[in-house]
Amino acid sequence: MRQGASPPPPIGYVPWDRPSPVLDALGGFFRHDSDPLQIGFYVDQHKVNARGFLHAGVLATVADVAIGHALAESTDPPTNLVTINLSCDYTGVAEAGTWVDGTIEVGRVGRRLAVGTITFVAAGRSIGTGRGLFLPV
Amino acid sequence: MRQGASPPPPIGYVPWDRPSPVLDALGGFFRHDSDPLQIGFYVDQHKVNARGFLHAGVLATVADVAIGHALAESTDPPTNLVTINLSCDYTGVAEAGTWVDGTIEVGRVGRRLAVGTITFVAAGRSIGTGRGLFLPV
Amino acid sequence: MRQGASPPPPIGYVPWDRPSPVLDALGGFFRHDSDPLQIGFYVDQHKVNARGFLHAGVLATVADVAIGHALAESTDPPTNLVTINLSCDYTGVAEAGTWVDGTIEVGRVGRRLAVGTITFVAAGRSIGTGRGLFLPV
Amino acid sequence: MRQGASPPPPIGYVPWDRPSPVLDALGGFFRHDSDPLQIGFYVDQHKVNARGFLHAGVLATVADVAIGHALAESTDPPTNLVTINLSCDYTGVAEAGTWVDGTIEVGRVGRRLAVGTITFVAAGRSIGTGRGLFLPV
């Protein structure tokens, strides 16, 4: 059981429980149990690059899943969305073992387009941002 | 052993052998053994979203690793690079079980910036593109 | 004199006075005289597309100039920057004659990379965002 | 008359004649008269930044207009499109007076999304690329 390898998450965070084979394969993702715009994860052994830092692709994967889910759930009933563009900036590094906070901002969920962003913070410093465009389907 | 779940890759492809904990966790990635600008993978069970199609984040992860590696190896000696921006467009879907081809284009590896793109094709149709900006370190 | 065609700007805004041949050609750009992170402009006759709405390219031009300037001036002495990536999302339209507010956020000005964003609001609604990556030179 | 300030365009190019107030304000844009995927312009006095090089925003503006037009005209009847994302990489500089070639690639014009790219070359070297996402309307 992969998630067992990391310490428990900060108070208020529970394991990510939406079906996602990719996140299951990577393991160790969490959502805040009362704030739908907060997610988090540890930079564990499956999430690092060859240098031992958080992998850019992992941040992109988390961005896509977290933004997409938050946008989808921001409407009632939820909106089915498919990603059409995902763009991430990497402005800092996160070392193995670090807890990373992700804060989602719902930009817009319209009839023809949905947009959202996520900002990642590790050890008190911004390490990157992601932005996703989605089409309702 | 995860890679065992998929059929063998097309002729000429060998397992990706550069250290990458993320790709190891996802499994099933291949590189062409004589063309450094070709990679490929099967959309196996670890690479799909909740709908059963290739996950946008996986394509981003592959884009980052494949472009970064090709740019790094395009110089002699290789250039160490860190990702500063990764942007992917998703213009088609790939179903579970499909083989996806990735073709890298080395845009530029300069003293202060490196740029490259990758185009993904599945079942004869373009399904998306990725573009990465990297800083030499 | 082009700027004469539009009404005066809101209180607190003064004409953009940093040398910029492009903005001079387009005309009608303003900065807030005490808040370096606020700019604005009218969607005048030179800034519309064939449909009569604000042109996507104009928003990109403003984003580049405004973010670049704000990042450059956020350090002492100012940092010379060149744009390496500019990405804009368009989530709403602005009709001819509308005043558009731009709010800049300085993401980071490092030794090797600078990042900032701008959010555009017209008639009380977000119409788009821009994000620029810059290299110090 | 602004366009008069620059030399005549290379053989085969004619003035851009599609209505565009922004390009009219900037002046000096051309299209190839038999190849709908080729455009070009001189880096004249209205298109430079404070350093005297081609302005990043101008390249974004040209990218938006040229890609959007080529995608729209690639279907019969033409498709009306609105820009939803525009992203440009800047990998080289173009000095004042230089002729810049733009080569458009039509990625896809679907029922719900259109994508295209443009590559800019000046003095034999790539200076940047643009990529636009558009929604049919």
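Letters A, B, C and D mark the chains as written, and numbering starts fresh at 1 in each.
Here, contacts are C-beta pairs under 8 Å (C-beta built on N, C-alpha and C of every residue); 3 or more make two chains touch, one makes a residue touch a chain.
Everything numeric in this text was worked out from a predicted model, so none of it was measured.
Asks: State the pair with the higher C-beta contact count; candidates are A-C and B-C.
Replies: Between B-C and A-C, contacts are more numerous in A-C.
Asks: Whole-Å distance, chain C centre to chain D centre, using C-alpha means?
Replies: Taking the average C-alpha coordinate of chain C and of chain D, the gap between them is 20 Å.
Asks: Any idea how many Å lie between the Cα centroids of chain A and chain C?
Replies: The mean C-alpha positions of chain A and chain C differ by 30 Å.
Asks: So how far apart, in whole Å, are chain B and chain C when each is placed at the average of its C-alpha atoms?
Replies: Measuring from centre to centre gives 36 Å for this pair.
Asks: Which positions in chain D touch two or more other chains at once?
Replies: Residue numbers touching two or more other chains: 84-85, 87, 89, 91, 113, 133.
Asks: Which of line, ring, star, complete or other matches the graph of chains that touch?
Replies: The chain contacts form a complete graph, every chain touching every other.
Asks: Okay, in this complex, where on chain D does chain C touch?
Replies: On the chain D side, the touching residues are 18-22, 24-27, 45-50, 55-58, 60-65, 82-91, 93.
Asks: Okay, in this complex, where on chain D does chain B touch?
Replies: 87, 89, 91, 107-108, 110, 113, 115, 126, 129, 131, 133
Asks: Inside the complex, what are the residues of chain D that reach chain A?
Replies: Touch list, chain D to chain A: 84-85, 87, 112-113, 133, 135.
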